[in-house]
Structure formats: C-alpha cells, structure tokens
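Once you scroll down, you'll see the structures, which are given as structure tokens.
After this come two complexes, each holding chain A, first together with chain B and then together with chain C.
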Partner chain A sequence: MRRWENGWRLALRLVLALVAVGFFAFPIYWLAAISIKSPEEIFAYPPVWIPSGINLSGYVALFRNGDVWAVWNSLVTASVSTVLAMILGTLAAYGIVRYRPGGENLTIWIISQRMIPPICVAFPIFLLFVSLGLVDTFVGLIVLYTAFNLPYVIWMMRGYIQDIPPELEQSALVDGLSRWAVITKVVIPMARGGFFATAVFTFIFAWNDFLFALVLTRSEVVTYPVQVTGYFGSQSTFWSQIGAMSMLGVLPMMLVVATMQRFIVRGMSMGAVKG
Partner chain B sequence: MTARVNELADNTTVLKYALVAPAVFVILLIGLYPFVQLALTSVQNVTMFGADNSFHGAVHYERLLGDERLWSALWNTIWFTAVALPIELVLGYLLALLFLQPLPLRRTLIAIILLPTVISPIVAGATWRLMLDQRFGPVNQLIGWIIGRDVEILWTINPSLVWPAVLVAEVWQWTPFMFLILLAALSNVDREQLEAAEVDGAGAWTVFRKVVLPAIMPVVVIAVLIRGLDLFRVFDVIWTMTQGGPGTRTETISIYAYQMAFREFEISYSAAIAFLVIVLLTIAVLVALRRVEIAR
Partner chain C sequence: MADLQLVNIDKHYGAVHAVRDVSLKVESGAFVVLVGPSGCGKSTLLRAIAGLEDITSGDIIIDGRNVTRLAPRARNVAMVFQSYALYPYLTVFENIAFGLRARGETEAAIRDRVNWAADTLSITDYLNRHPRELSGGQRQRVAIGRAIVREADVYLFDEPLSNLDAKLRDGMREELKRLHARLGRTFVYVTHDQVEAMTLADRIILLRDGVIEQDGTPLDLFERPETRFVAGFLGSPPMNMLDVTVEQADGIVRLEDGQMLPTDGLGIPKETGHYTWGIRPEQMRLAQKGEPHIKVAVDVVQPTGSKLLATTIAGRQKLTVELDAHSGVDAGQTITLAVSTTRTVFFDSDGRRV
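Moving on to the complex of A and B:
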C-alpha cells in the first residue's frame, strides 16, 4: 500500500517536473528550430513546430555578410577581460584576506560598485571614452568589462581564499618561496575550483552584456547581443538571422551548463550558498 | 636571520597596498570618475545644442519633480519589480520542492531548466518576441487550439497585454535562478531537525515556519536582494521586446534614462535622473543591509 502510494507520488512529481522543463526549454527549442528552418517554414501559417530538415541559410548569411564577426568580437572582449579581471581580482582578494588594507570598508565599497545600474554610468563613461578615443575599440570594451567584473571576482575569490589555512602559506614562505610563488603555486591551486567557477561567471557576464556594448560600439567591435537587436528592423525583421546569431550566443552557454553544473549555485548567489 | 625577517616585513607593507592597488584603480574608473562627471553635468546645462558648463544650480532636479514621464517610468519599474520578484520566488520555491527528492534524470532536467538564466537577456527578449509573434509564433496558435478558433493577439503592441508579455519573458528567464538557489538552500536544511519536528507531530505549515524558513532565510534574503537590484535596472529584455513601447507603456527608469541621454541628448537632465536612481538604490540597499549582514 505504502509503496503503491510512493509510486504515484513519484509519477506525479515526474509529470510536474517534465511540464516545468517543457516551459523552460520550449522557447529555446523554438529559437533553435527557427535558426534551421527554411524561410518558407519560418513564415508558414499556422507555424511549423518541427522543421522538415536542416536549413543553414541563416548561418550562411551571417558568414557571407560578415555579421559573424560580432561573435568573434564578443569572444575576444569576454575572454581577454575575464583573464585580466581574474588576475587583478585574485591578487586584490589575496591582499584583502591576508593583509586587510582598509579593513571591512574596502570590501564593502568594492561590492557596492556592483550595485550601480549600468545606465547610470553609461553616459559619463561614453564621454570619457570619446575623449580617450576608446569608443568602438577592443581596448575600450575590455577595460570596461574588466572594471565592471572586478568587484564580483574580488568578492568571490575573497570567499575562496578565506577557506585556505594561512599556515600552509607560512610553511611555504619558510621553505623559501617568494610571495608571488606562494600565490601562484599554493593559493591558486588550492582554490582552483572556485577560481575556475568565478572565471566562467565573469565570462558569462561579459558575453551577455548589452547596454555597454550598445553605447560604446558603432561598427568595429559590435558584439553579438547588439547585432541580434539590429535584426529587428522597423520595416522588416530578419528571423533566420535572429535565430542563427542568437544560437551562436546560446551554444557556449549550453556547454557551460552541461559541464559546470556543480559550480553554478555558488557563482550565481555570489557565494551566499556553498554549492 | 633578523635581516630576512625585516625584509619580509618591509615587503609586507608594500604588498599590503600593491596587491589591491591595480584593482582599485580600475574600479575607480567606473566607480569614481562617472560620479564626479554625473554630479558636475547635472548642475550644468549640456544638451544636443551644446555644452554650457557654467553652474546652473538645481534646475534639472526641479524638473525631475514635475516630469510625469519620469514618475510613470519609476512607477513602472517599481510595479514590475514588485510583481516579478514574488512570482519568481514562489515558482522557484515550488520547483525546488519538486526537485528536492530523488527523481529520474534529476541532474539533466535541472541543467535544462537552468538554461534560460545563463543566456543573454537580449536573446531571451528576442526569443519571446518570436514566440509571441501574432502570426508566426506558437503562443497564439496554442491559445487558438485551446479556445477552438484562430487568434491574432498583438502581445507586444496591445497596451493592456504588453506588460504580461514582458513579465512572462522575465519570469521565464529568472525563475530558474531562484529555483537553483532555493534548491541548494533546501538541501542544506538539517534532516534531523525536520525528522524531529515530524516525530513531535508538527504540521506541514508549522515545520515550514519553524524549521525550513529560518534555515533558508539568509539565502532567500540575498537572492531577493540580487534579483531586486537586477529588476530595478531592467533594460535588455524590455528593450528587445518593446523598446519601452507602445508609446511609453513599458518604459522603465533605465529605458527612460537611456532615451534621454542617447536619443534626445538631454545630457544634464539624464545625469540628474541617474543621480536620483543611485540615491534611491543606495537607500534601498542600506535598508536591506540593515536587516541582514551580507558580509560573511
């Protein structure tokens, strides 16, 4: 009797879970389907739910007209800024944990920088970039993403470095390692899981940013989210390009979720939950 | 030996600041410079017709008070946050309960649910715009099947439907965030306490109120804080779906500030708006922080 009841409850939970999965997965399926539909299928009425074949004309169009460079621009700005933010942020986090410069105030100031809405600082930064000649350049976007992600990196790495016992570093110092060697050979390897997870999230933030890219790029370093919005014209909407370009932006994120699930909780909750 | 210790000590004082300095410098670039610039611009008169850098006092701040479009944008933002946040929280909690105990394919299903949260809000907005297209989108077709006749609902154009449309996209994208964090928090709730409460004959509601809620509260507060701040500055998803339209129906404070700065080139006025937003947010965060200790 008990087992029978449990079986029903499990089945009910499974059905509800599948309904939820359907709700969250279907729009992405729809996007993917549009990216491989032929134009006739995209504009068929009633809509076609399952593409009859794989039509890559949307992707081909992106390569032919050069729009695919937007994905490259996103990749370059997101990767380089991630590397820079991780280096500067890890060093700063290490300094904060071990030497406590400025005490708690410095940490609180740093994390508070993350709460500023981008739109509030977008125009002053735009003016600054105009005067420095950084508008529509890789350097400009990279510096900006680095600066914007640093508070997050420092906050997260601070949490991970706090978990490392200082005695380990002491003995490494006594063994004659330099401070630099202690950081690269003891601290980072000890915190590598957290380091990696933080880097992934830093990359995601830069990869998905829209507002700064919209304000600070014109034609040379347009990133993929800006490019996607460009396909919604006032006269016509380029559905297959929207589908294809969006999928190029989504695919790396699918990879992230598939391979890094266990890191995601802590990264998202800014360390509030130890996932 | 003594020399070595001194050397290390000297090194440390330098290190104390040298390690932090580069990061602080880069953050100041977006943390200090824009503020000074905003403060200056907001008391000058910079428009598309030219930059008048003389002191103009609080004229732009006075204009804020009588700007109905601003107050409606602010109201839209607060309303949107106040509606979306509880929905995401409750749906996320229910989902977390669903996935708390063993389930076939649990990890895979969770991974699929997470996807909306890690994609760009621009892509989320674009996806829902395609989903809700009056003719070629599947949503209207589904509704048509249910009510038994074809419909052409103009989700992003009809003023009374545009907010629900945006809300669906927002809830779709961020409920998984709440779900994941609550799932992690719920799995950390002490099993023994739960069982003890059940042995004592406590009802489900009592167990939730006395055992579960206190245990997950710190995490809930931080999740609400993170999402609340994000919702208050919402821009991307609405921009892709409606650009704040029809008219100014879905204009939030971020969209209004963008329009003022980059479309109408009312630079000084947009600086005053930005300042107002920062002040409001600072008050909100301080009030929230007073109730929780965010720093571990």
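Moving on to the complex of A and C:
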C-alpha cells in the first residue's frame, strides 16, 4: 500500500516536472525549429511542430554576409566588461565591507544607481559618447556595460564578503600575505560561489542589452540583439535568419549557465538572504 | 625565539580608552598569559602585538626591533585565533603550509615543516582532509599547527580553547603546556578563564579596564593578590570577602555580626580599623575543641567527590568553605570554623592589600 502511494507520488512529481520543463523549454525549441524550417513550414497553418528536414539556409546567410560577427561583438563586449566589472566591483565591495567608507548609505547610493531606468540616461550618454568619440566602438560599449554593472557587482559581492570571517584575513596577514594577496588568496576563494554567480549575471546583463547597443552602435560593433532587429524589413521579415541569429545568441548563454549552474544556484540563495 | 617589549601602549576607540599606558617586558621563551574580564583590553593588546590593531601611542619591540609601524607580515609573529581561522577550501596540509607558502619557502622545506608540525600535534592522519571533516579539537590542533610550523619570534594565542568543551579543554591545556616546554618559544596567551591562566602561565598579567592590575607568577597572584579585584578574579570558587574590624592591640578580628576571632597577631593589619578580609575556601577547616573559631550556619552543601563545598552564613555575609568530603556537614547545621590569619589577606577600603 505504502509502496503504491510512493510510486504515485513520484509519478506525479515527474509529470509536474516535465510540464514545467516543457513550459520553459518550448520557446527555445520553437526558436531552434524556426531556425531550421523551410519558409513554407515557418508560415504554415496549422503550425508544423516538428520540421520535416534541416534547412540551414538561415545560418548560411548569416555566415555569408558576415552578420555572424555580431555574436563575436557581443561576446567581446560582454566578456571584457564582465571581467572589468568583477575586478573593480570586488575591490570596491571589499573596501566597503572592511573599511566602511560612507557608512551604510554609500552602498544604498551605489545600488540606487542601478535602479535608474536605462532609457532615462540613454540620451545624455549618447551625447557624451558622441563628444568623446566613443559611439560605435568596443571601448564605448565596454565602458558603458562596466559602469552599468558595477553597482550590481558591488552590491552582490558586498554580501558575500560580509560572510567571510575577518579572522581568516587577519590570520593570512599575520602569516605573511599583503592586503592584495589576501584578496586573491583568501577573499575570492572564500566567496568563489558568489563570485562566479555574480559574474554570470553580469555577463547576461551585458549580453542581453538592447537599448544601449541600439543607441550607441551603427555598423562597427553591432551586437547580436541589435542585429536580430535588422531582419525585420518593411517589405519582408527574414524569419529563418532571425531564428538562426537568435539561436547563436542563446547558445553561449546556455553553455555558460549549464557549466556554472552549481555556483549560480548556491550564489543566488547566498546573496538573497544576506543583503 | 625572542623577547617582547611593550612600552607605554595606549589605545583609544573613539571615546573609549581601551588600553592605558601599558608597559611590560616578556622574556624570551616565557609563557605569559594576559587575563582579565571581557573588555579589559587583553585581546586589543594581543592584536596590537600582531599588528592587526593600530595603537594610539607607544612602542612594540620584538627582539630589539621596533615593529610598531610595521605590517603584520613584517613582524614575524604567529597567531592562533579563537575561531581557528582555517581555510575551508584547503586541506589540513595546505592550511598548515599556508604561512610557509606565503613566505616563499621551498616545497621540500614546506613538506618537512608541515610533517613535523603534524607529528608534534598528532594530526598526521588528517593531513589530506578538509577542516569541515574534523572535530573541534582536531581543528584546534590544526590552528595551532599553522602557528608553530613557522619560525616566528613570538607566538600569540587569542582564547584558543574557548570553543572547546570542558573535557577537551583540559586535555588541550596540558598539551599546550607540553608544547611550550618542547619548543621553548615565547608564548603570549590571552584568556578570560582564570583556570587556564593559572595552569598555563609562567607569568600572569591581569588586566582591568586597560590597566595592568597585577603582574607576577601564578602563585604570586593567587597567594599575594595586590588588590581585591585580583583576589576575586583568581580561584574557583572565588575568595570570600568579609567585612571586618581589626583591633590591632588585642589581635582580634571582629566580624560584621559581632563574632570575635582572637589571633596571634600575625598577618593582621598594623592599624585598627575596617577592612575586607579575604579568605580562600580552602583556608578554613572545622575547628577543634578549644581552638579559636567563628560560628557559621550551613546554607547549602555541594559535594564535588573529593571535597565538600559548603555555603555558610555568618551574620549577613556569605562564606564558602571547602571541607573534607567525609566531614558529615549538612545544610541547616551550625559549624565552627578555624582560620589562620597568616595566609589570608586584608584589603583596605580602596581595595588594596595591607
């Protein structure tokens, strides 16, 4: 009797889990399907759930006309800005936690910078970038994403660093490390989970940014979200290329999240309770 | 191995004056214990020696070198923390090796030293484990290993046993003492536990409100406390403090309730007046017939196995007496106690010994 009950419960759980996974995975499946469907299948009604064959013309077009560089541009801007934001943000967070400049208010002010709706600052930043000659450059986007992500990194890393007992650092100082070495050899290893989780989210923010990339790029460093919009024409919309480009944009993210999953889950729960 | 000198150390935390003009010299190879109630400045002083706390004024001299303005790593001290301060992401071996690596020792030297430290502390079997896989006592050993593995001038211990349970603490105390005898290095140890201070130290420095209250051998402090505070701090159960009047001419000590104890005049203050009479529980015994005595009512008895602790009342004052386990004394009885004034102490109204 018991065993039956347990079996049913397990089955019910599995079904619920499958439904949840299906719900969240379906859009990605649909995107992948569009990217390899023939134009007739894309517009067919009732919809074609499973493509009859693999039509790679969308991908071929991306590579042939060089649009695929947009993914590379996204990769460069998101990666470099993530590295910079992580370095600067971690140092700032360490300073805030251990030396308390500005008391509690400084951190609140820093995170408040993140609460500004991006559209409010898009135009002033555009004017600023025009005068600095940073429009449509890697440097411009990287500086912007770094600055935009810094408050988040500082806020998150502050929470993780607060969890590190100060004695661990003091012990290392007495043992012979400098303050800098303490950060790399004690603080970062101790906050490793949170550090990677924060880095992943920072990367995602930069990777997914559409607004600033649209405003601040023209032709040289167009990122993939902006590139995708380029296929919506007034005469026709290139759905297979939209599908292909979107897949290329989603894949790196899926890879990052899959490899860092362990840190992300732990990092999120750690950061969430310690503000 | 080196000596340590503190010269006129002062430390302010904002308006709080944590350490007040403390000066002391610790000889090379000594085991000095800084003891006192919480907030007395003992940990601040230890952290100042390590360089983890800036001092407001004064000088810290280790082995003839003024290290006051040097970073912790330049002072060549090793420290054991109350919370063990082990790195959870490193194995026991790497935890112990940490300080040696930080100082750029060769791999072979690191291996030798770590193995020696592990052997000394009997933790060789755990070298490949992580701290989370160890018990409290084992972690404590690793923390000590981290310190002794280095050839430091001075070894600092900040309440290292306070996180252990009572039984483990007794064992570790013994081991620390053995370790000190074996290494012969300079140990400075902070604790609030008077038993630890008494059992471990060659020399105790008792601090109160940032000032050295008394500095001497454990026996000195125990038998000849200079102040009432020192007398009350050391010893368990604590010293009894009775308000008395001494009549010097007759050699009589009169208790608050009017009882008079004739003495032979030895050990009592030279002037007639009011005093606090400090008597340790073990300095009293049941009086023989005809012997001078004080009469007390037994309130509570606590057998400890080897002894019997009796809480008694003399007038309005409480008096704890340590008696023989087979003395047959019980609550509700009235007993007579003999006490010699030669080893007890008297304090004046300022709390200083007379």
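By our rule, the second predicted complex is superposed on the first by the 228 of 275 C-alpha atoms of A that agree within 3 Å, B and C clash if a C-alpha of one lies under 4 Å from a C-alpha of the other, contacts with A are read in each partner's own complex, and residues count from 1 in each chain.
One rule holds in what follows: contacts are C-beta pairs under 8 Å (C-beta built on N, C-alpha and C of every residue); 3 or more make two chains touch, one makes a residue touch a chain.
Just so you know, these numbers come straight off a predicted model, no measurement behind them.
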| If you stack the two complexes on chain A, which partner ends up touching A:79: first (chain B), second (chain C), both, or neither? | neither
| task | In the overlay, answer first, second, both or neither for which of chain B and chain C A:57 touches. | result | neither
| request: Kindly classify A:189 by the partners it touches after superposition: chain B alone (first), chain C alone (second), both, or neither? | output: second
| Given the touch rule stated above, what does A:170 touch, chain B (first), chain C (second), both, or neither? | second
| message | Between chain C and chain B, which one touches more residues of chain A when both complexes sit on the common chain A? | response | B
| request: Identify the partner contact of A:181: answer first if only chain B is touched, second if only chain C is, both if each is, neither if none is. | output: second
| message | Contacts for A:137 in the overlay, against chain B (first) and chain C (second): which applies, first, second, both or neither? | response | neither
| Intersection of chain A interface sets (partners chain B, chain C) | 173
| remark: chain A contacts chain B in the complex at 10, 13-14, 16-18, 20-21, 23-28, 30-31, 34, 42-47, 49, 88-89, 91-92, 94-96, 99, 101-102, 104, 106-108, 110-113, 115-125, 127-128, 143-144, 146-148, 150-151, 154, 159, 162, 173, 179, 204, 207-208, 210-211, 215, 224-225, 228-229, 232, 239, 242-243, 246, 249-250, 253-254, 256-258, 261, 264-265, 268-273, 275
| remark: Listed in rising order, chain B residues that touch chain A in their complex are 8, 11-12, 15-20, 22-24, 26-27, 29-31, 33-35, 37-38, 41, 95, 98-99, 101, 103-104, 107, 109-124, 126-131, 135-138, 141, 144, 150, 172, 175-177, 180-181, 183-185, 188, 218-219, 222-223, 226, 229, 232-233, 235-236, 239-240, 254, 257-258, 261-262, 267, 270-271, 274-275, 277-278, 281, 285, 294-296
| remark: The chain C residues in contact with chain A across the complex are 50-52, 71-73, 75, 77-79, 81-83, 85, 87-89, 98-99, 102-103, 146, 150
| note | Per the touch rule, the chain A residues reaching chain C in their complex are 165, 167-168, 170-178, 181, 185-186, 189-190, 192
